[in-house]
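Have a look at this one.
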Amino acid sequence: MMTASILFFIAIGAVSLASALGVVISRIPIHSALFLLVNFVSMAVLFITLDAQFLAAAQVIIYAGGIVILMLFVIMLIGSDEIRENAGHRVWTPYVGILLGVILLASMTFALVEAGPPPATSAVVQGGVPEAVGMTLLTRYILPFEMAGVLLLVALIGALLLARPPKQKTEN
Amino acid sequence: MDWLNLVVFPVLRSVVLIVVLLTGFAYLTWYERKLLARFHARYGPNRAGTFGLLQPVADAVKAVFKEEVIPRHVDRWVYLLAPMLALVPALVIWAVIPVAKGVPAIADVNIGFLWILAIAGVESYGVILAGWSSNNNYSLLGALRSSAQMISYELPLGMFLVSILLLAGGFSLVSLVETPRAWWEWVWLWAMFPLFFICILAETNRSPFDLPETENELVAGFQTEYGGIKFALFFMAEYINMITTSTIMATLFFGGYRLPFGLLSDVVWLGPFVLAAKVILLLFLFIWVRASIGRPRYDQLMHFAWKFLLPVSIGYMIVTALLVVFFK
Amino acid sequence: MLNVAPRFREYETLPSLNDPSIPALPPLPTGESEDTRRIVERFGEDILAAGLHNGQQIVYVKPERLLELAAFVKDDPKLAYEAVVDVSAIDRLKLPIGADDARFQVVHQLRSYARKQHLMIVAPCVGNETPTVPSLGNLFAGAIWPEREVLDLMGITFTGHPDPRRILMPDSWPNHPLRKDVPLGGEEVPFTLTWGDPEFATLGKQILPAESVPPKLPPGMNRENMIINMGPHHPSTHGVLRLVVELEGETVVNVDPDLGYLHSGFEKTGENKRYKDFVYYTDRMDYLSSMNNNFGYVLAVEKLLGLEIPERAQVIRVIMSELQRIASHLFWLSTHALDVSGTGMSLLMYATRERERILDLFEMVCGARLTLSYIRVGGVWRDLPEAFINNLRDLLAVLPRYFDDYEAMLTHAPLWQERLEGIGKLSRADVINMGLTGPMLRGSGVDWDLRRDAPYGGYENYDFKVPVYTEGDCYARYLVRMEEMRQSVRIIEQALRNLPDGLFRTDDRKVSLPPRAELDVSMEALIHHFKLMTEGFRVPAGMVYHAIEASKGELGFFVVSDGSAVPYRLHVRGPSFNNLYAISKMSRGEMLSDIVTNIGSIDIVLGEVDR
Amino acid sequence: MVPTSFYLILAGLLFIIGTIGVLTRRSALIILMCVELMLASVNLTLVAFSRQWDNLTGQVFVFMILAVAAAEVAVGLAIIITHSRQNNTTNVDEVNLLKW
Amino acid sequence: MGLEDKLPEGIITTQLESLVNWSRQNSTWPLLFGLACCAIEMIATGSARHDISRYGSELFRASPRQADLMIVSGRVSNKMAPVVKRLYDQMSEPKWVIAMGICASAGGPFNNYAIIQGVDKLIPVDVYVPGCPPRPEALLYALDKLREKQGRETFAKYRRNELAEAMLSPQDMDSLEALRAKQFA
Amino acid sequence: MAINSFIKGALEIGKAMGVTLKTLREKPVTTEYPRDPVPLYPRFRGKHELRRYENGLERCIGCMLCEAACPTGAIYVEAAENDPANPTSPGERYAKVYEVNLLRCVFCGDCEEACPTEAIVLGHDFAMANYNRRDFILTKDVLLNPQEAHVVIRPE
């Protein structure tokens, strides 16, 4: 079973990497959003392999069911014309971006190699079920939980205010 | 043995389920056409086979042998992907629904409710992407409507589901059906059924809330550019969604595969039939509503969701929570 | 390249009993009325002629003072002609006019709702090849579309017109079809004799290319917004209407109707057919209420003829006209419910189910379901069959119950109310200025019904209520039509009670066929029969505008006769055409779905809009 | 059982892809998506650690991040809509009103 | 074309052919496309009294891509001609056309400048229905006639595109514009 | 009050659903056309037919009045002198060619009305659909020998 689950992990990981690349590379925003969706779903699957079913469901509900749809909605709303990526000035950013990314990758690899393999997993977490997460959330982390609620409310109001169409002189 | 349990049985079950669902879809179209015809004081299909029973076969064969056109102006990949995306969620939602005592369709997972919510969330992709990829203004409007509508109605739907969850005390649908309930719980549950049904209508894009495809305004809405088998897939998705949501409603509100008062609760094979009977009755409701009620305007639909359903559903949830805390 | 077989047979080549006379000019009006006197007093020499003709007030005015005259009759409280209901033009090329006489005349029909008066203003155009005349469009919104139609079909330029585009014909059309020097067109009718002609050899096999030219953006529309083409193939435009809709989100910024996709050349055809033949064509104009179309046309011709109609025929006509009104409204109801409520809605089927029963009655009487041509000049086609009265009574007994059913499904249904209330609002001033008629008028608080206020065909003998609502929205128009159906039932009941015995068509043998039995015994009857069938009847030279209250509004026929058996000029004022003008104003600022509601609420029939 | 390090490597790669996206792309929408990508990769490490140490705090953290992500997307998209409405572009290079 | 392109010829094909023809006969979805008077009778054909749904044809599709049958119900004007043609082109094979009423079939009473004298100048017509307008039953009869024709169809027809061959070659074609010009010459 | 209006609306919706439910119980009004005969009224005007006298002579005397009366020019008649020895019709002349172009006819009944000998009548056959445009020219042969006798002599 060990090998099977590792194979499974590799397959899902590959999907998630490929879709992530797709997000970055694709020219059409809608395609990017779709790749993002694939990435999120693969992430949810990874969560399940990590025994976090509740989070997996939450991931799908919030990310796939909410965020990506919202993005699609916005893309359709403002028109999905391709953006001229090679806009005259600042042609150097992509190269620098890729360079920075490579540096980041190098440093992380270095850190991982330096630290050596982490200790083998000790316990089998049965904490992924909703009850356990809920208990933790509403007891120990009640304050952050409430804060998150407030944050969402504020974001909601903020988004509303921001996206409200500019006041026009109605009635003429 | 592990393999058998892990792979073979689920696969077998899914195959059976898909076959049943496809047949169900085919005969649902027949059922709807016949029933709608009777509501309209006419006969409905009766040329293909006795009582038109072969009508779905004719439709299916015709659709398969129709020329497949991919218009030049569409976004090819997304255009082809969309019908499948529409159909898949309608099928996978079945994984958690119990069809008989101790027999979930695929698996009795402990996040059954969340699964339903999650899949309901991705259901709208097919419609949205179809509308966008068609590169047609009508389709785009249909897609916009669809996305807004789905997000709006998911909220009250989620609230209602959470309320039921509170009553049930667990995420599993199997235990929901099996747990006996007090009479006031039933009454309290049923009181909310009409509103839940409205949400379901909106979620499945069924008339009177079929705004994404409103024939009279948007020609065919998101599916304007689809023909042949691809259109049939959308059709399939809509109708399988109807079956699926009816099953969910039957499970949530009407005791799923169980007969009332615990009659014959030991006869396991009766379960699917009881469930099917309940589903057919609920489908009748779908069609009856379609025959009787006009369609609201898009903005009115949104107002209804945000200004009426959402507050009511939140209120309902709070009251349910109080009831559960004090009486259970 | 293709040879057309030279086998045209004209009616004139057939033995006709007396020579066709030389075309005559319609005589000038004589006498005067209070209104014409007032106008003549004010404008003096610039009024070319004024007075009464066929009982109508007509004023001929010099074109340079037309605008002033229009403003005067509109604003003068003693005249108060608030609305232009129709604009048409006459090409007098084939009439014996003098060399310095204008070739084109523009004819305006004005209406005063407050004083229940009608006024016809005729203005000759300046210039014979490129005629011009001032436009009344800035004064009366109701003149804008009719003037565009005249511009399109007659080629008359209206100076100062707010929107001078062609309206019916494609932009690339080479001529102005209603001019008298333009031929009717068409092709020969094939028979086995001519089947071999190259013209017909390829029929059904030759597929002609027809490129669609990308349409121009109508003026005043912004490409930045979403532009949607509703139609000409769209489920809810009630035919082949094309609406160019500018949307911002789902809010309508602008609507521009594009007509002419069903333009069938009725007027030109009518000018090439005998009076008796055109009855069949009127059926096909507003094909939902052909009885009313027959009625309007026949009344106009009878007015020219000065014909008296037997009492029984009058009552039969009223019965038929009202039945047709119910049938038309039922069809409107079903399609309106379909548009607003969706395909599954049963009301579509219920209303058509009851309509079928009316069509059955029609078939019983006329032998056809839709294109009835039952009302003929001089009376009606045949007498009522015996079973008709009883069947009609049966139907009348159940109809109100069905209406109750419809109302139970709609009137207070929350979704229906929400979709209709406050949608497509038109104020009283708007509807009058735009020249709207029928339920559009009555839904906005104008208490006007031609059946009551300018009675024709014996309507003065019936007691009925004219429903009027002041809200001016789609819901008010819905209520108006529902009530009209009930009132129509009342009228028919009264008519049935007073159905007299007697002739079903006039016995004036100059217009009406002799009974078949007489053919074998009377030579004179045979002669009349032959003459009526070959040449038709002649109509004295004259000019008439006659309007009736059709189910969709004021249906007017403007006929100019030169004394022959073929109309010289035949113009139809279709209620749908003028009512449709309001769609832009109604829909602006509302949602996309409301356009559909508004179209349904206007109740258009494209056959009549495009003619 | 897949070792935690695998998850960490995957998360790292995803994070880097996200970073590169943010740095290279100019469309505000895609930048937003890439930020989401980075957040998601962090989520993955948190869940992986949560399992590693048998401690639910990691999952609770992920929950918070989900909330933050939702809020961020809502506000971000609102900004993008407003901006594109006024300037008709979502190109971040053209968002330079504050530049002197 | 659809699947039939990929099939070998043989007995199975014949069996399949009859199945496919049967399915097409019983599931002919018309295009929701009304022009004039005949459109009203077409609607009446769908109404409760006549009930076209008995033939499985009540699904009037508004989008040409989903329709199999175009019922040209009424007169086609010069302005409408390109639209009709375009709609026909947008329908996917196999597709059929019923010219309902005499106006669509041959111009009918409108023998004048405005009306195309028969829609078969624009698109190939399978069944013509006389009548002005035809009774709903006449349309149902035409549908029966069409079913007869559908029953005789073969895959080969679509494979070899016989339909196109039956038409004249482009150089023989007269354009609508030329036709129009001839009328006024 | 939102709840109040909601309840009222629900009642109204219930009423509408009641109407449809009522119809569900009724028998459909459909006429099963090809199976059941269509109820036609005597005045219905369908396909043309030419009539004969009982002795077999054609009624048509070739007067061409129908052709003149036809508003759309759908009738074509060519008359010829009767052979006195073997007359086709009782009069002096008979119709050598009598054709109706069904695709131009509006079934108005004017020919019927015009005919002095009641030779041409509009029958009750409405099933005229066909595949080829050439099939719609009714020649004299077809007109004289209808497949089924649909002729209804109208009392008027």
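A few points about this structure:
We just call them A, B, C, D, E and F in the order they show up, numbering each chain from 1.
Just so it is clear, a residue touches a chain if its C-beta (ideal position, glycine included) is under 8 Å from a C-beta of that chain, and two chains touch if they have at least 3 such contacts.
What you are looking at is a predicted structure, and each value in this text was computed from that prediction instead of being measured.
Under the contact definition, subunit D and subunit F share no contacting chain. Note on connectivity: the fewest steps through touching chains from subunit C to subunit D is 3.
Of all chains in the assembly, those touching subunit B and also subunit C are E, F.
Of all chains displayed, E has the C-alpha centre closest to the centre of the whole protein C-alpha set.
Comparing mean CA positions across the assembly, the chain most remote from subunit D is F. The chain pair with the larger count of C-beta pairs in contact, out of A-D and B-E, is A-D. We define each chain's centre as the mean of its Cα atoms; on that basis subunit A and subunit C are separated by 64 Å. Taking each chain's centre as the mean of its C-alpha atoms, subunit E lies 23 Å from subunit F. A straight line joining the Cα centres of subunit B and subunit F is 50 Å long. For this pair, subunit C with subunit E, the centres built from the Cα atoms lie 31 Å apart.
Each of residues 189, 203-204, 234-235, 280-281, 346, 348-350, 353, 356, 371, 409-410, 413, 415 in subunit C touches at least two other chains.
Residue positions of subunit E touching 2 or more other chains: 32, 47-49, 51, 54, 62, 107, 109, 111, 118, 120, 132, 135.
Contact with two or more other chains is made by no residue of subunit D. In summary, the structure contains touching chain pairs A-B, A-D, B-C, B-E, B-F, C-E, C-F, E-F. Across the interface of their complex, subunit B is touched by residues 226-229, 234-236, 247, 250, 337-346, 348-350, 353, 409-410, 413, 415-416, 418-419, 591-596 of subunit C. Of all the residues in subunit A, the ones that touch subunit B in their complex are 1, 28, 30-31, 34, 37, 53-54, 57-58, 60-61, 64-66, 69-70, 72-73, 75-77, 80, 129-130. On the subunit F side of its complex with subunit E, the touching residues are 28-34, 38, 71-73, 101-107, 126-133, 136.
Residue ranges of subunit C in contact with subunit F, taken from their complex: 9, 11, 14, 189-193, 195, 203-204, 273-274, 276-277, 280-281, 346, 350, 353, 356, 360, 363-368, 371, 373, 382-383, 385, 405, 408-410, 412-415, 513, 516, 519, 526, 529-530, 533-534. By the touch criterion stated above, subunit B contacts subunit A in their complex at residues 2, 75, 77-78, 81, 109-111, 114-115, 117-122, 124-125, 128-129, 131-133, 140, 143-144, 147-148, 150-151, 154, 171.
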